[in-house]
Structures are given as structure tokens and as C-alpha cells.
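The letters A, B, C, D and E name the chains in turn, as written, and every chain counts its residues from 1.
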Amino acid sequence: MSAKTLTQADLASLVGDLVAAGTRVVAPSRTGVGPLQHLDYREIKKADEMTLDAGLPKRSIKELFFPPTEVLFRWKQKKNDFELQEVETKFQKTVVIGARPCDAAAPEIVDRLMNWDYKDELWNGRREATTIVALACDGQDKSCFCTAVGLGPDSTKGADVLLVPVKGGYHAEILTAKGEALVKDFGKRFGEAKSADEAGKFRETARAKVEGNLKVDPKPIRTWLDGHFEDKYWGEIALRCHGCGACASVCPTCHCFDIVDEPEGIYEGARRRNWDTCQTGKFTLHGSGHNPRGTQNMRFRQRVTHKFAIYPRKFEEILCTGCGRCARACPGGMDLLEILSDIGQMAGGAA
Amino acid sequence: MKIGYFPGCSLDFSAKEFDTSLQAVATSAGMELEEIKDWACCGATSGHATNHLLSIALPARTLALAEEQELERVVAPCAACYSRLATARHEMAEDKKLFSKVTGILKRDFTNSVQVMNIAELLRDNLPAIKEKVTHPLKDLKVACYYGCLLVRPPKVTGFDDTEDPSSMEEVCRAAGATPVKWNKRLDCCGGGFSLSRTGSVIRLGKEILEDAQAAGAQAVVVACPMCHSNLDLRQKAIAEQTAKPLEMPILFITQLVGLAMGISEQILGLNRHFVSAQPIIAKATVKALPAAREEA
Amino acid sequence: MAAKTSTDKASFKPRIAAFVCNWCTYTGADLAGTSRLQMAPNVRIIRLPCTGRIDPLFIIKAFERGADGVIVSGCHPADCHYTSGNYHARRRFAVARDVFGFMGIDPKRITFSWVSASEGGKWAEVVNDTTARVQELGPFSAYREMEARV
Amino acid sequence: MSRIGVFVCHCGENIGRTVDCAAVAQACGELPGVVHSIDYKYMCSDPGQALVKQAVAEHKLDGVVVAACSPHMHEKTFRKTVANAGINRFLCEMANVREHCSWIHEDREEATQKAIDLTRFIVEKIKHNVPLEPIKIPVTRRALVIGGGIAGIQAALDIADGGCEVVLVEKEPSIGGHMSQLSETFPTLDCSQCILTPRMVEVYQHPRIKLMAYAEVDKVEGYIGNFTVTVRQKARGVNASLCNGCGECQKVCPNKKIASEFDAGLGKRPAIYVPFPQAVPNIPVIDRANCALYKGRARNAKKDACKKCEEVCGRKAIDFDQQDTFLTEKVGAIVVATGYQLYNIKKEQDKEAISGYGEYGYGTIPDVIDGLQFERLASASGPTGGKILRPSDGKEPKTVVFLQCIGSRDPAKGIDYCSKICCMYIAKHTMLYHHKVHGGQAIVFFMDIRAGGKGYDEFTRRAIEENDALYVRGRVSKMYRDGDVIKVLGFDTLSGEPMHIDADMVVLATAMRPQPGIESLAQKLSVSYDRFGFINEAHPKLRPVETNTAGVYVAGACQAPRDIPDAVAMASATASKILGLFSASELEREPLVAQVDQGTCAGCFHCVRVCPYGAVEHFEVKDRKGNLIKTVAQVNKGVCQGCGTCQANCPSKSVELQGFTDQQIFAAINAF
Amino acid sequence: MQALQELARKLLTDKTANVVIGWGQGPRGPRPIFVTQPEHADRLIFDTRCVHNLATYLNPRRAHLVPFVKKAVVVKPCDARAVAGLIRETQVKREDVVLIGMRCGGVVRDSDMDGKLTEATVSPRCMDCPDREPKLADHLMGEEASAPPKGKGPDMIAKLDAMSPAERWEFWQKELERCVRCHACREVCPMCFCDRCIADKSMPQWIESSPHPRGNLSWQMTRVMHMAGRCVGCGECTRACPVDIPLGLILRKMTQTVEERFGYRVSDDPTVPAPMGAYRLDDKQEFIL
């Protein structure tokens, strides 16, 4: 691991270099109309489309690896035969600039699932083609709780390079081979590291700020969840929840999908993988009409349990990076911090 | 509200008393008449008998002038003028091609927005104001209201009253205190423009009309058209040659009748301009009404 | 199968879907046939019992499937075989037309008409006019090319 | 996978000339699910149909697509063919490659491609066709006839004679209708009552006819074969089961000055009365608006003013406290035969668009009467004993002017149509007048004479040639009373001369209009009516006595102006339709109706609002214990006519129109 | 606020209602709360940040709320219009709900904003809302409200109307490309109450379920068609959209069309029939040949 300095100007030039080299550059960028204008991770062609100082984008970088819809293969019907057409699993080289640490960490967590019993070629193909240049965060707002899930506003997890804002630019920590390769390819843009202390201070301040939002220990929470599936706490947990799944759409780690065969006309079509979420009633609806998760309360319990007990049990990773997007996106005012805090108290392990 | 005034040729000359009586009644009842500047002949009756386009374009010019004076309504006291103006307005509204042809001829910005009214309509619509000004109600005066043919016909052009059973003139006469009689010939033709060319017919028609009015007990015939007036008034002498006894039926413009009831002087009303003397009527108005007037005083 | 339209404007042959009611327009089109009225070969009729049965979804789906234009036609007001299906349809289409137009679908691509069973000539006119209009607008490839996502 | 057969017809040269039928058959043969695809010269010919039958058996087809002419032409033919071959007839559909393709295009390549497309749509559609069986509905073999005029009487008798029960509802105290008022009938000049009263008695005595006079239909529920009708029996004030019709009560009634409805206002009747001596039933009614007792009671008088009728009635049949009663009748079919009323020339009309005749004095001139009044004057049972006398002074009119088309054919007065019977009855009136008033002159103003019908033109000729009626082609512009005479000012358009007639009496042939209240009855029956209020027939040519509501039929002048032979013919036609309907205990209907998926129906009932037939009902879904789970929509298959408007309006697509399901339409569009 | 709390306490105490659905303070501003105990009535609040349309909780699709049966709901005028809609379409029985109406002069765009109502913060849905008080309510509270501030900026509908079809197409493609078909717009909508939405119907699948622009366009156009004459203009779909698509624009356009053509404006009177499913013989048909 090494450190470098990247000035604002150099970063801008780096974007130009990458685009010129045929690399897809993705960075926080403004989109939307009127009061609905917001920040998203989008492909940019010029450095001035990038906005690094306006906080956390509305959605995570999940969809760079796991798009809301993707074709698995195409089919054509000829009389009684089907002709199948595979899809490309090699992807364009991509550099993500300015991914927040909570976003950068997520793909690494989901990597475990995507390479468990089946190695998902599409996911892995995109992962391999992508270098993540993360940007340390100064703590978005009171819904951030990355520190409570073992990460932090300066976490390096999942990042190939971590940029920490310093005066005039960034202190860059080169974290992985992919990061090294980026520095090597575009060495002229990276200067000698010289602001490690300033960066350290930035990181400490941010960490302290986020830690104040939620203090829980995930371990006892996991234990409590394992033992309290039928607890009355779940009984009215989701009265205000609409079951809309907006939380899952913006979640960097939610990864459930549905597979549909989508005809285009009658004689051809595509098998697609589309995002899905456990928050809708249809998710577990059986063909018989029976639904094992018949109420929204059960569905919300599933969301919490999966993230903080089931996934950790299987992969030793919490399926949450504490980005707080679910609380921000919820039209009904559901708040994961509040629930974790409650459970933390019930579990007696409050820090 | 201002009302446009289209006197037409008759009121300018032969029926001057229709003009003066109307002006007097209008002033008294608070109707503001504004004469259309530079108005031209309506085209009756030779116009529509010879050239259709001309018969529309002539009144259209007058209506366009009214529009330029920002008048929303125009009253044409002469029934023939009214008929021509209203017909032109109606035809242009129904026939877009004709309308654009006429505007092309006029070379003016014209939208055909002016409403055309006749005298009966005007008075009827202002009944409350008229009633207020009636000081000498014509009690016991039996009148036959004579509409003639053009005032209420054809229905799609006129439309202000029931074509076959109109009542507006009767309402006005009632407001003046007079009693309208029921009679049969009030919608019949007086001979109109044939007054000079086929005088015989006009005399025959006039005789039938006046006899019917008399049989119904009328003491006077009230008209709303200078042509009707002249045919019934002027020709009575000739009619008398065919009857045992002269009819001596006074013919009054409706505005004269209302004027009398308002106590307007007979000079202003031009009651002295008739061939058949209106004196019996004038006497009725003053004599009968005086006690009431005295009481007020 | 769905033959894709050529994007070359000159050789462009519009493909037009027509949703028509069984009692008036379909029969009117039959009459056009028995009267041997020649018309553009671009229109494909799909028969429904009544305009009341025609859902705006049909129009959307037709565009998705490669139609460059759509005709919706039924009985004149007061002529509906089912008394009022066309009145309900009229309201539905009035809203659909505005909404679709607002989303960027050129209203010129959709023809609504009343063609009675005796108006074979009018049907031929509707077919020819719509074909000419869509020919002018060019292929509606934008609709089918929507699938690719960033 | 489906097993579909495609059969492409050349229709001789009709299709083959412009469409390459072999190419169509070949292209369709390559479609998935098609196992057999051929072309043939004439598919509808016997050998052509045999090909279909053979293929169904040989290839075990579960779908047959015939690409040929319009389905309006031969769908029935081929569905019958496949049914004969042993598969459900709804598994056969047609692609229209003749009317919609070969006949309207010249370019062979384009036409062939289009034919392939059209056939492909149907191939894809038919993959989703399912076998359908006709819907069976139980039928109550009992009919309701509304209106007891000649049409209602005829319909009731024909149905009852056919062996089915009939409920006949008449709003007046007696059946007989307008025909009972007529003097003699054209073109035979036979006495109207002589031919009508036996029929009335027959109705009264018929074991299968339940007569409800002085009653009105209050409510109608249900559908073809299964109507439930509520009838309001109006209170007569006389106990019908006790009354023996002796008539003593009428003699003692002190108020005898009431204008008689039966005599069209020309005669008088008492407050307790039967409309006319031959009335059926012969039971009096108390006219509460004119009876001193009821008038007193309405004013809360302490004592009843008069009870003379009660005192004189030996059978104690008078019941002053009698109230309206409601009876429920179950019937399977309904005949509407409510007849007509005459337009009047009065200024005040019951409809906005209709105005009266100011030029004829708005009905205020004495001795200007209408046609029905003349009938009463000419009738031996009328107020003058059959003498033609002026109503005003009882003098015999020496000159009578008859005016045709009063209100009829006159859009300016609001009625555009021809009233049909006036030409004939005016001719009849001139004859009766000629016979009864010697030396009298009848003058008829007509627009043109419409005497289409057996013996009709001969009849009008007779009026003119043998009965000295003066027929003047022209209109009357004005009439007014002048002393003893009516001055009639008209114009003879043939000679071009104005006419001034001093008439003693004027008869106006006023237009026929439907009965007042027809609209509300039509709404109860959910049948449609035109802007004049006449009931609309289902098809002006092919279904003239049916309405748009299955099971409701129409006869007589409530559908359009009709004369007696027309009304009777219509009545017999409805009877034959109804007896046909009643010929089986179950009714078979095409199964192309809507069906609700109650599992997904959200119960918003948008379908109920759009259904033109009221065919969608609320249905309560309950669990085993009978607890209500939800209320959903349900389609009454007996009422649904299959328009599919409900389906297009259903937000969750929980209703499917059989034969045009979403699956079928979706497949056809997807094959585009 | 005190009056609101007192009323809620009374309703719960005398069992007029088993739950009072209102707003309470949450971690990110006011949010829906469900008060079942009289002693918790003091948790109820109301201010300009109470943006949520609580009528949506009456929607029978919310199975977990159905057992409460008798519900009291705090409603703003737009919420009351939704309740009226649910009554009109037989989803809710009027006698099963107690409506506590709040006079309203507009709310801010989102509940986590500071509650100051200005041209910049007012929710777009309030700009053309004519109702200041819910007439349908059983109890009416709050002070007389004045009209909300008019929002700033160009009218997007007029702007879009002025564009060519191709430009409008471009605009919506850019917006709809973000849609991930979470259907949050549908789930929060008080008027979307189908057990099985047409978008979830697979036989046939009229609306492609994949979140590609084609399916997204089809979904949004169909959703708006289904809202024709029914949309209460509460703007919850726009607020719920996690990718900030201006869904309210299409609905407002549709609402304008319905008003212009059929003279109908959605009101909180459940007895006024909706315009779709009705017709007039003289409905305008200038677009039909």
C-alpha cells in the first residue's frame, strides 16, 4: 500500500485521460428536473459533470455490477426449435471516481454471495472490469451509521484507491493492485503524498460525527435476532410501511432478483434478471395463493433479519454498510437506525 | 347602456314624428340613443329584390360603422330597416363564405357582433323604466296593435317574440295604460312598398285591416313601422270611398302612444302630422289623466 | 417474425395496426372490399366487438410491436351496437391521446375515427390518410429502440 | 403445443388473383404450433369443408384458421364444419384476406405479405381460444304485456292462445285503447267497436290472461326469461270482486259535468264512472280529483260531503278507503304496447323542442277540433249519437275544413316524422261527413297523400271521386274566428291561388306522439328511445319488434306511428317471438359474454358503471363460516351482450370477455 | 394540536375508533403514527411538514391494518379527496372511518425539511390545490388557512406542451431511464387498491416487468390512464419515487385534460360520480375523424 497526492486539477485531467483511453468513467453527477434534481453515479465524459462535494448520491454503485435489468440470454423460436444466444460477459473497463466508502464496501460484501455455490459471470465480469476510487466522507447526516456496522466514513473496504479531501485536492491511499495499476497508467497525475496528517484529522472528525448517530454492537443484535423470530416486537413493526421497496432500490447491498422470460413478440425474446425485493407481498407469494410472509410486519422482519443475522451467519459479513439511504428514501418514515437501536437495547448489548 | 340608433330614410323625412317621439320617449325613460355616423340606406325594398349581395353589403356597412362606434346593439325603428339589418346579420352569421365576401367589399375590420333590435323589442325590454315615467295612463283607450309582416317574420331572423302570436306591442300599450283589443289582422300585410305601384291592392288590404280593428272595438291602431303608418293613415281617404261611412281610425306610432302616456307634448310627438286626426286620443290622454296628475301635484 | 421497418425513409413502408369494432367499422371495411375500393396495403385490422372493448394498452402494445401508426375506429355516436360502448371509448381515448402525446408519442401517429357499416369510402380515406401521414412522419423506431439501458 | 390447421381459400379468382395463396399456406405452415397448412380453390364448398373435416381428424387439430372471406360471411359455416368434425366450434376463426386484402389491393407481393400477416394474427389468437358451450338460462314461461290497446290485446291473446300465461297491464280503467274511441275504420269502414269489443271480452274471459286494468308498471328487475315486475294496482275506490257493474252508482253521482276522456272532452261523465258502456272490466272508478267526498277529505273536512254511490250500491262494493296495492309478477318476456297520444296545438307543450300553432290560435278557437274528437262526433256511441254537430252550438256544419300534417313533418314545430295514419283517417272523415251531412262540403288541405297499403289508395280516391271531398294541395297559413264562422286562409299550390274559406268547423289531423311517461317506463325496462320518445327497435329492418334489451319486445304505436293493421301485425310478431322463446324451458345464448376473476377483482365496480345492460352485479364472497370476505363483481350471463366495455375499464383486468380475452388480443397484437 | 390530541383521546377512550392514524415526530421529521392507547394521544402533531397522505392506510390492500376496522384518520384536504375516492369506489365504508380534518395552507416538499413554507419549499402538489379545508371531515380543526405560496420557476407542463413530440420523448426517456420499477409510486398511492395490479398480471403480461425504458413507459402511461378522473393530486408518488422521476407532471397533465374535457375536478364529495365510466352525448370529439 502506498500513498499519493491528487490535486483538483490533476483529478480533472485524470478524468480526461481515462475517457480518452476508452475507459468508462462513473462519478457523482447531477440529474433530474427542478426540485427533483439530485446526485447520482452516472457515466461522465468531462470532469465538470462530476460533483464530489455535494454528499451522498441518491442511489448506490450497486447497479454498475448488478443492473436493474439485464439479459441473461436471448431466444428465438423456429417451428418447434429454440435457438439460444449467449450474452457478452466481458465488459468495458470502468473507473468509479468518488464512490463513498459505504458504497465502495458493498460490492465486496455481495461478492461472497455471487461466488458461493455459483460463480455469477455477469457480476464478476463487471467487478473485474471496474476500479473503485473511493472518496472519504465527512458524514452525510443523522441517518448515517456506517460506524455501527464496522465500517466508517473513511473505510477502505472494497476500494482500490481512497481519496481523502485535503486542501487543494486529495490525499490518495492506493489500496489494491487495481489501484496500483491506475497510478501506474496515469502516473503523471499523481504527486508525492504530503498531507497524511491533514487527512488523518479529516478522518477522525468525520468518524466522531457519524459515531454519534447510532451506538450499537452488531454481535448481540445478531444473537437476539436468531432467538426472537416470533418476538412481539415484530408484531407492529411495519404499520407505517407501504411495502414499496424503495429501501431496497437504493440499498447498496440488497441483491435479490427475479428471473423473467420476456417475449418480444411471440417468436423471440430474452431471459432477464430484474431487481426484486422482499418488501413486496408478491415476493413470496406461492402459486397456490398462500403467502408465508403474509403481512408487511413479517416482510420487514425479513429485511432486518437477513441483513443482520442470516447473511452474517452464512458469510460472516453484515449485509449493510450503514449508508442510511433506506431511512432517507422511505415515504412512510421507517427508520433502520431506530430499529437497530431498539434491538440493541433489547439485546442488552448497547455500547 | 348606449344603444345605436339607425333612423333610416323614413324617419329622416316622411315619418319625422316617429323619430321625434322615439327620441323623446327614450330620453324620458333613460335610454341613451347614439346615431350611427354616416349611416346609409338599408336597401329596402329594391335592394333585395335585385341584388342579393348588395342587399347584405349595404346594411353590413351600417353594422360595421356601429361596431366602430363600439355599439353592442342597434335599434332600427322602421320595420323594413330592421328586417334588412337583421337579415344581413343573420345571413352573414350563418354563411361564412358570404361573410368573407362582404368583409372583402367593406374593407373594414368587421366581426358582425352588433345585435339588431326593432322598436317593439326596445320598448318591451325597457318596460320597467317606461312604466315609471307614465304619468298620464291612457285608461279606457282601446287600441289595436298592428305588427304587420316584417316585425316578427321570419322567425329565425327576428326571434324576439312569438311569430304567430306576438305580445310585445300589447305589453307596451298596457304599460301606457291602454287596453289592447283581440283582433285577427294584426299580422297581415298592409301592402308595403306597393303603395304607389299598386295602390288599389294597398287600399283593399288597408280596408280589411282597419275594418277588423274597428269591429274589435279599437279606437286607434298602433303601428311600429312608417310604411304601415303611411299605408293606413294616408290611404284612409281612398278607403272611405269604398265604405258607407269614413272609418276615421287614428293611426299612432307606438312611441307616440307611450309619449302621450308620459305626458309629452303633442307637438314634440308630432301628432299633428297625421292625415286622420289623433285629437280624440289626445283628448282622452289629457282629460282622463288629469285627475291623477293633479293628485300628484 | 415481426418484420422490422427499414429506417431508410424513402423505402419506408409504414406498418399500421387498426383496432376496429365488429359492427360498424369492420363491416364498413368489408363494404370497401366488396366495392373494390383500392387502398394502401399498410393497415392490419384486428377485430374487436366494440370500441368499448378497446383498451389504450392495445395502442401501446402495437407501438411496442413495431407499429408506426395506429387506427382506432368504431360506430358513430348513437350508432353503437351496444348503445354506449363508443361513448365510454371516446372519453378513454380523449385522455389517452393527451397523455400519450405528453409522453412524446406524436398524436399524428394515432387516428381515431367513426366509420359506419355504410362508409366503405370513408374507411378507405382513413386508411390512405393515416398511411400518408405516417409515411411523412417516418418510422417510429424510437419506440422499439428503448430497450437498451445505460 | 397447439395443433393448428390453416386453410387458405382462393375463392376462385377472388383471392387468388392478388394473393399468392400457396405462399400464404407455406408461410403459415412454418409457424410454431401449425401442423397442417394448405390452400384450396373454394374452402366453403362441400369438398373444401370436407378437407377441413378430414384434417381435423387426421392431424388431431385443436384449432382451425380459415383464411378466406369476411367472418361476417362464413364464420358460421366453418364453425359448423369443425363442430361436425368433433371439435368445439369456438376453436375455429377466420382471417379476412378477401374483403380486407385481395379485393382492395393490386400489388401481389404486398397483398400476399398482408394476407400472411392477417392469418398469422389469427393463428396466434386461436392458440388462446378455449372451447365454449352455449349459456343456458331458465325461462319463466309467462309474459307481461304493457298496454291494453289493440296491440296489447292482440299480443296477449296470441301468447295466451299459444299456451302461455299473460299478465296484461292497462293504466286506464278499461282496456280498448284508442281503437275503442274510433267510429269506423279505414279502408273498410267497418265499425271499430264491433270488431274490438269481442276481442276485449275474449281477453277478460281467457283462462290464461290475468288482466290488471287501472294499473301501472312500477319496477322491473331481472333479465330475459327471468323478470320480476312490480305492478301498482291503483285504487278504484270500488271493490272489484263485489261490483257487478250494474251502473246504479253512476246514475246517482251528483257531479255529472266532468269532461269525458273517452269522448275526447266532448261529452260528460260522472265522478264515479266506467269510461264507456262496453268497458272491460265493467267496474267503475272514482275520479278522486272530482269526487266531492275525496275533495272534502283532501281539505280535511270533518264530514264526508256525499256518499250517494255507497248508499245506492246493493253489493256494498264502494270502498272509499281503498289504497294502491303493489303486486309482484314473475315473467320471462315483456311486450311494450303503450300506444300513442295526439299532439295538441297549444302554446304550452310538454317538450321544449315542440311548439304549438300560433297561426291557428293555439287551440283557443271554438270548433277547431282534432281527429279523435271528430271520431267521437261521428261515432254512434258518441256525445251526439253519431250526428256531426259543432261542439260550440250544436249546429250542423255545412263546410268543414280538414288540415293534414299538423305537427307532423314539421321540424319547425319539433316533429319531423310523418304520422302515417292521418291521410287515411281524414279521407275516412270526409266520407263519414259526406254520408251524414247532406250537402256539406269537406275541404282537405294536404301536403301529399300517403296511402300506401292494401286498398288504401283506392280508399282516398273514393273520398275524392265519390264523396265530393275537395282536396287542396297546400297549407293553411292562418285561421281566426269571425262571428259565426272560422276564417281559413290557405293557399292552393296547384292553381297558385290563395284561398279564403268561411268554415263552420275545422278538423286538425294532429301528429301521433308516444304516451306521456314513456321515457320513465323505458328507463325501468332499460330500453332505448328516440328523441321523440318512441321506443327503439333492435334493428329497423331485421329485428323490428325486439328492443336492445333481450326479452323486451315492442308492438304498436309506441315504436312509431302505426295504424291498426300494423299494430296488430307487430303484436302477433312479438307473440310469435315470445312463444319461440318460451318453446323450451331453457334459453340458449352465445357464450361470448364477460366473466369476472373473483380472486383478483378489487370491487371498485367501474364495470357496473359502464355496462350498458346492467349485467354486472355485486357478489359477496364468503368464507366457509359465512363471514363476508369481500364484495366483487359478477356478470349475469343472461343479460351480458358481450361488448367488453367492462374489460377495457377494469383497472386490474379481472374481467374477461370470452372470445376476445386479453390473452387472445394480446397474442394477435404480439404477432404484429 | 391540543384539540387534536384531546379528540384522539376521546375517540380511543369511547372506542369510536380502535386506532387514530395521524402524524408524530420521527427521526427525520413528522411521520405516520398509529395511536391505539388514549395515553399516547399526545404524540400526535400537525404542521406544514405533515406531507404524507394517510388515506393510503385505509386502502384495504394494507392487510395488517384491516383488523383495526374502525379507524380515525387525520386528513388534509388532499387526503380527504382520497378518502372520498375510496368511498366512491366501495373500498371504504364511510361509517368505518372517523375523519379528523385539518385546515391546510400547503405543506413543504418533504417531511425532513424545515417547515417554513416559501415559494421554494412548497410542495408542487399544493400549488393548484383549491381546497383549504376537508369538507368530508367529521371534525374540523386548525386555523383558517390562506392559499399556499405559488411555486417559483416555469410551469413544466406548459414548457413540455410547447415542445415538439420528439423533444418531449427525449425528456421522458431521460427521466424514465432511471426507473427501477420498484412500484413505490403505486404502493403509496391511496387510490391504487387492486389486489393484483395489472402490472403484475402475467397472463397476458401487458406491461413488461423489466425496468427498461420500454416497460417503464408502458407502466407509467397505463398508471396515469388508470388514475384518470381519480387522481387526488396528493403527490405521494412523486415523493416516494426513490429515483426522483417527476411523476406528478403526467398526472397533472391528465387532470387538466379531464377538467377541460369533462368539466370534472376531483372533490372530497363521494357522491359525485367519477368522469370515467360516465359520458355525455355531446362530449367533445374534435380529435375523431
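Everything below uses one rule, namely that contacts are C-beta pairs under 8 Å (C-beta built on N, C-alpha and C of every residue); 3 or more make two chains touch, one makes a residue touch a chain.
Keep in mind the model is a prediction, meaning the values are calculated, not measured.
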Contact-graph separation of subunit A and subunit B, given in steps at minimum: 2
Centre-most chain [mean C-alpha coordinates]: C
Centroid comparison with subunit B (C-alpha atoms), farthest chain: A
Chain pair, C-E or D-E, that carries the greater number of C-beta contacts: C-E
Approximate Å spacing (C-alpha centroids) for the pair subunit B, subunit C: 61
Geometric centre distance via CA averages, subunit D-subunit C, whole Å: 37
CA centroid of subunit B to CA centroid of subunit E, Å: 65
Centre-of-Cα separation between subunit D and subunit B, whole angstrom: 52
Sequence positions of subunit D contacting 2 or more other chains: 31, 599, 610, 649, 666-667, 670-672
Residues of subunit E engaged with two or more neighbouring chains: 206, 211-212, 276-278
Of all residues in subunit C, the ones touching two or more other chains: 1-2, 61, 65, 84, 88, 92, 149-150
For the subunit E and subunit A complex, residues of the former touching the latter: 26-34, 52, 56-57, 62-65, 109, 111-112, 124, 153, 156, 175, 178, 180-184, 186-188, 200, 205, 208-212, 236, 238-246
Contact set on subunit A toward subunit E in their complex: 31-38, 40, 58-59, 68-69, 142-143, 236, 238-240, 242-246, 248-250, 258, 260, 262, 272, 274-275, 277, 280, 282, 294-297, 327-329, 331-333, 335, 337-338
List of subunit E residues in touch with subunit D within their complex: 60, 89-91, 193-198, 201, 203-204, 206, 226, 273-274, 276-278
Contacting residues of subunit C [partner subunit D, same complex]: 1-2, 15, 17, 26-27, 29-30, 32-34, 36-39, 41, 44-50, 52-55, 58, 61-62, 65-67, 81-85, 88-89, 92, 124
Parts of subunit D lying in touch with subunit B, wherever the complex brings them together: 347, 357-359, 361-362, 412, 478, 480-482, 487
